[in-house]
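Order of writing sets the labels: A, B, C and D. Residues in every chain begin at 1.
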Amino acid sequence: MSFMTFQETDLEELVNATRFLAAKGKVATYIPELARGNPEILAVAAVDAAGTLVSAGDRDVRFTMQSISKVVSLSLALMELGEEEVFRKVGMDPTADPFNSVMRLEMIRPHVPQNPLINAGAIVIDSMLPYADPEKAFCAVRDMARRLAGNPRMRENQAVYLSEKRTGDRNRSLAYFLKSVGTIKADVETILDIYFRQCSLEVTVSDLATLVATLSMDGRNPRTGEEVLPPSVCRIVRALMATCGLYDGSGAFAVRVGLPAKSGVGGGIVAAVPGVMGIGVCGPALDQQGNSIAGIALLERLSGRYGLRVL
Amino acid sequence: MSFMTFQETDLEELVNATRFLAAKGKVATYIPELARGNPEILAVAAVDAAGTLVSAGDRDVRFTMQSISKVVSLSLALMELGEEEVFRKVGMDPTADPFNSVMRLEMIRPHVPQNPLINAGAIVIDSMLPYADPEKAFCAVRDMARRLAGNPRMRENQAVYLSEKRTGDRNRSLAYFLKSVGTIKADVETILDIYFRQCSLEVTVSDLATLVATLSMDGRNPRTGEEVLPPSVCRIVRALMATCGLYDGSGAFAVRVGLPAKSGVGGGIVAAVPGVMGIGVCGPALDQQGNSIAGIALLERLSGRYGLRVL
Amino acid sequence: MSFMTFQETDLEELVNATRFLAAKGKVATYIPELARGNPEILAVAAVDAAGTLVSAGDRDVRFTMQSISKVVSLSLALMELGEEEVFRKVGMDPTADPFNSVMRLEMIRPHVPQNPLINAGAIVIDSMLPYADPEKAFCAVRDMARRLAGNPRMRENQAVYLSEKRTGDRNRSLAYFLKSVGTIKADVETILDIYFRQCSLEVTVSDLATLVATLSMDGRNPRTGEEVLPPSVCRIVRALMATCGLYDGSGAFAVRVGLPAKSGVGGGIVAAVPGVMGIGVCGPALDQQGNSIAGIALLERLSGRYGLRVL
Amino acid sequence: MSFMTFQETDLEELVNATRFLAAKGKVATYIPELARGNPEILAVAAVDAAGTLVSAGDRDVRFTMQSISKVVSLSLALMELGEEEVFRKVGMDPTADPFNSVMRLEMIRPHVPQNPLINAGAIVIDSMLPYADPEKAFCAVRDMARRLAGNPRMRENQAVYLSEKRTGDRNRSLAYFLKSVGTIKADVETILDIYFRQCSLEVTVSDLATLVATLSMDGRNPRTGEEVLPPSVCRIVRALMATCGLYDGSGAFAVRVGLPAKSGVGGGIVAAVPGVMGIGVCGPALDQQGNSIAGIALLERLSGRYGLRVL
């Protein structure tokens, strides 16, 4: 696919036609700092195999990656530890449980999170990162995010990080459960600190589009040319995005959009068109599953209009 | 993709190299008649957009579709009733519960099966089919299967049907639960009869390959040329296959093979390469999730060698 | 305790003071024939160690035992098979799940009902009864009920039995689940037929009071003088009544009334004062847990006024 | 009952005849400090209505109350806040879930622990105690325990307290879950500190026997003569002990022993014979439900030999 038929004026038009949907959703409130997000924001960017970037809407707005960062830490863990090691402590199963469910952890033996894209799984991934101290572990995740996005200045939003750290009691419950059954060994607050920091990494839709374009292009960042990840890691990450990327909304997203994707409660979504391009959207008003309501609609329209779906 | 690089000699070689894996699995025993299956069988067939058929291994062996028939009845229901009507009584959520779990049905309100590709969902789909009597409903499913597979002589295996009818107590438990909460209205044994009959439809890997090629080609059977289904139905079915097609093995299958697929305990699997081809395999020895152990391995090798994966 | 301070005029007064509570409950509707019950009925009877019977309120009203019959079939099974045999297929655990929950059956291995006083447990008990055919099994249960109650004319209510048989789909779901995991071996409809018939046994509060007085007196019917059960069986039955007799209302009942008891959706409750007396009440208007709302209140007042509680 | 037939020589004989059963159990290991307990210890004490104390076996051994302290904090909360206030945040339902299950908390709405005698419930109780600071709250619990047991020198075992504080991750998981859903408002570690401290209160079997004799005698300590609790509080506590006191072993205990009781993983059990006496036992070797294996057997024999059961 060339970008000749995928022009910014088309994107702008799509954004304008979709923006009204935000009124049907709600900005996440469980992290107080996120509750300040502007629900009317809508932005999109796409990066193709040649590294061409197009964007539209509120393209300069910065927001936090939140759960999209799970894709980053998973990629890092797979590269550093290998598939076998990673999947001894976390499953590959899709799930219709909410992203922060404790229940299944307890019900299933061994007590292993179902997949690395739910909170419990991402916490386990962070607990496995092979670095000398938590600062180094976080920096490794941030560095991976920077290289995937081709943005060496990406950094945390301190206010969101601190807000989440203060209020992240469900994540503490998950992590202490995992500790109590021996699935994680390290200090819980230390692990959660890495997790809360990576969730607060601040991006634009262009960052997201480049990040997921790199995953789409089997690990080669199409804007910087850097080989960030091996193809085998990208295949695993894309497959898990396709089956587990939007929590209990994953099935409906596959039907509507037909692309591997990952959402965050900050309103961002990344979607991969393998071999072709990466797309990032942002719309902070969320649906009941915690996914950007206008963001999904925008991706559905893009996917439909340009025949992007792979499913 | 043309089939010039996808020749029967290659397929034969792959089948021979993979067959030994069957020893690690077990033939399904919960349906007595299935327990007679030969665990060493392995067969594959593929049909491309032009309708060319290639096959290898035990290509003439006949086996029952079992859960692969859920794809057929879902397609029929979507065509006859429309997406909105169908998804009022069944969800689109992937699940890591076994295919015959009652638990989640009870836990979640409304008591709606998570998706149409688990047993409870398929039973609900059968209960919705808009036909005057169960005989007509079954014939409509069979006819849809025949047209998708381009095989007007496809018929039930009476012994398997009767065996399943005699022993299908877990399915009865599911169906009576659904009846008790009002999700299905019709007589339970009548609905189950349709379900058991469609599961016993007998096919070869060539039938499966054609059937799923039709879904891959947006509804046009590439061997008969018939427009069997509208593209919108095929997109829904393929998306659900990608997220829910192999029960709690769906995530691992997406990682290993990267294609929408659906398995049956008879040992069959159908895999769609959208726009390109359909692949059918059969190997009755199953893994712990109830999926063909050698069949998955064969699809993984095919997908890897020929770059078929879409995820 | 003598009955000198426990006179019918007192009982009448209590009944009259409590009757208004029925307005806060609802007659069971899931069995259509039960829905015809008069919600304003309230009756009580007590039988002491000497066999003296006192009663008050709508004492002549006949109603069906429903789940109170589980006490009868459990007693029979314990006497015929022994404690060890019975508790290999059913647990002794209290539960806060509703009486007809499938979920826990599936979650816990081995798939054994938690106790014999929930529906799944009572169905398993019926499946164990060592009789040549279902007619004989039912007659043995009915005969046990007659001897416990000292009423040789007790019989089924055909309309309720047939109504329950027609609509008992949740019980079918439970029974087929138990069959599918091998916990019950016999034909499901045959077992359920015994179960539905015993539930429909028709009684008055005097029957109930005598029945539970026999359990209170360690198996000796204080009105007929017959030794119906050994003391060891009565101890087991009373203990299970105390912990599991009112489903998820068992804890609150223990707090309010302090006596071993068993309720039925027909509105009846039996309460044992071990060594002292048996009490039967009936009030068809039920609370949210399916227990007689005015019946519990009446027992609470009786227990409080006369110092009957044992907990 | 007088103690004329309940002499220390009889108790000694029972202890000696029962001690061998300890070999079938295991000392709790999840709290490292408890793992040092001597599994062969067995001791019993009883206090009657007149305040007479008899004891036998390892009567001088000191051990920690652990979950038996839940009875103390519940009594305190009921006295200070009243029944209505307490049961707005915690249920009265028996449960067959293990004492530290998170699952049910999540499944049921409102997210309220099922009863105050499981860990989650006891943590909620501690969070409700109306004191200015955690030190005062703990001292109030300790003071209640001292008055119930008539032992003004009762104090914490620092080593056990610190061991539990270090390793109590499952309790942290429960508490953070309760915080995340708003059931508890206060700081989690502060609440848990009270909880871990009360669990570490050190007692002998004589302390336990007096403590539960006070509950048996409707709140009047039969050794000190002090009116510690109102009768209404004692009735509630005894009823909950009968239905929920031994977790998923509550039903079997009711069958075998027939008395309201509460166990702790330190090996202690208290059993109430309402109006008659209180019994304390200690045997650190536990069965699979976490209850003293020889302790239960000793209570069963005592209850059987002296006709103590109330159920």
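Operating definition for what follows: a residue touches a chain if its C-beta (ideal position, glycine included) is under 8 Å from a C-beta of that chain, and two chains touch if they have at least 3 such contacts.
Not measured: the values here are computed from a predicted model.
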Checklist line | Of C-D and B-C, whichever chain pair has more C-beta contact pairs | finding: C-D
Next item on the list: Quick one: compare the interface residues of chain A with those of chain D and tell me same or different, with half as the dividing line.
Entry: same
Note to self: Roughly how far is chain A from chain C, centre to centre by C-alpha average, rounded to an integer in Å?
What the structure shows: 55
Next item on the list: Could you please state the distance in Å, as a whole number, between where the Cα atoms of chain B are centred and where those of chain C are centred?
Entry: 47
Checklist line | Whole-Å separation of chain centres (CA-atom averages), chain C against chain D | finding: 31
Next item on the list: Specify, in ascending order, the residues of chain B that touch 2 or more different other chains.
Entry: 107
Check: Given which chains touch which, is the overall layout a line, a ring, a star, complete, or other?
Finding: ring
Check: For this entry, which pairs of chains touch?
Finding: A-B, A-D, B-C, C-D
Check: Of all residues in chain B, which touch chain A in the complex?
Finding: 91-96, 104, 114-115, 235-236, 238-240, 242-244, 248, 250-252, 254-255, 258, 260, 274, 309-311
Next item on the list: Provide the residue numbers of chain A that touch chain D in the complex, in ascending order.
Entry: 101-103, 105-107, 169-170, 172-177, 179-180, 188
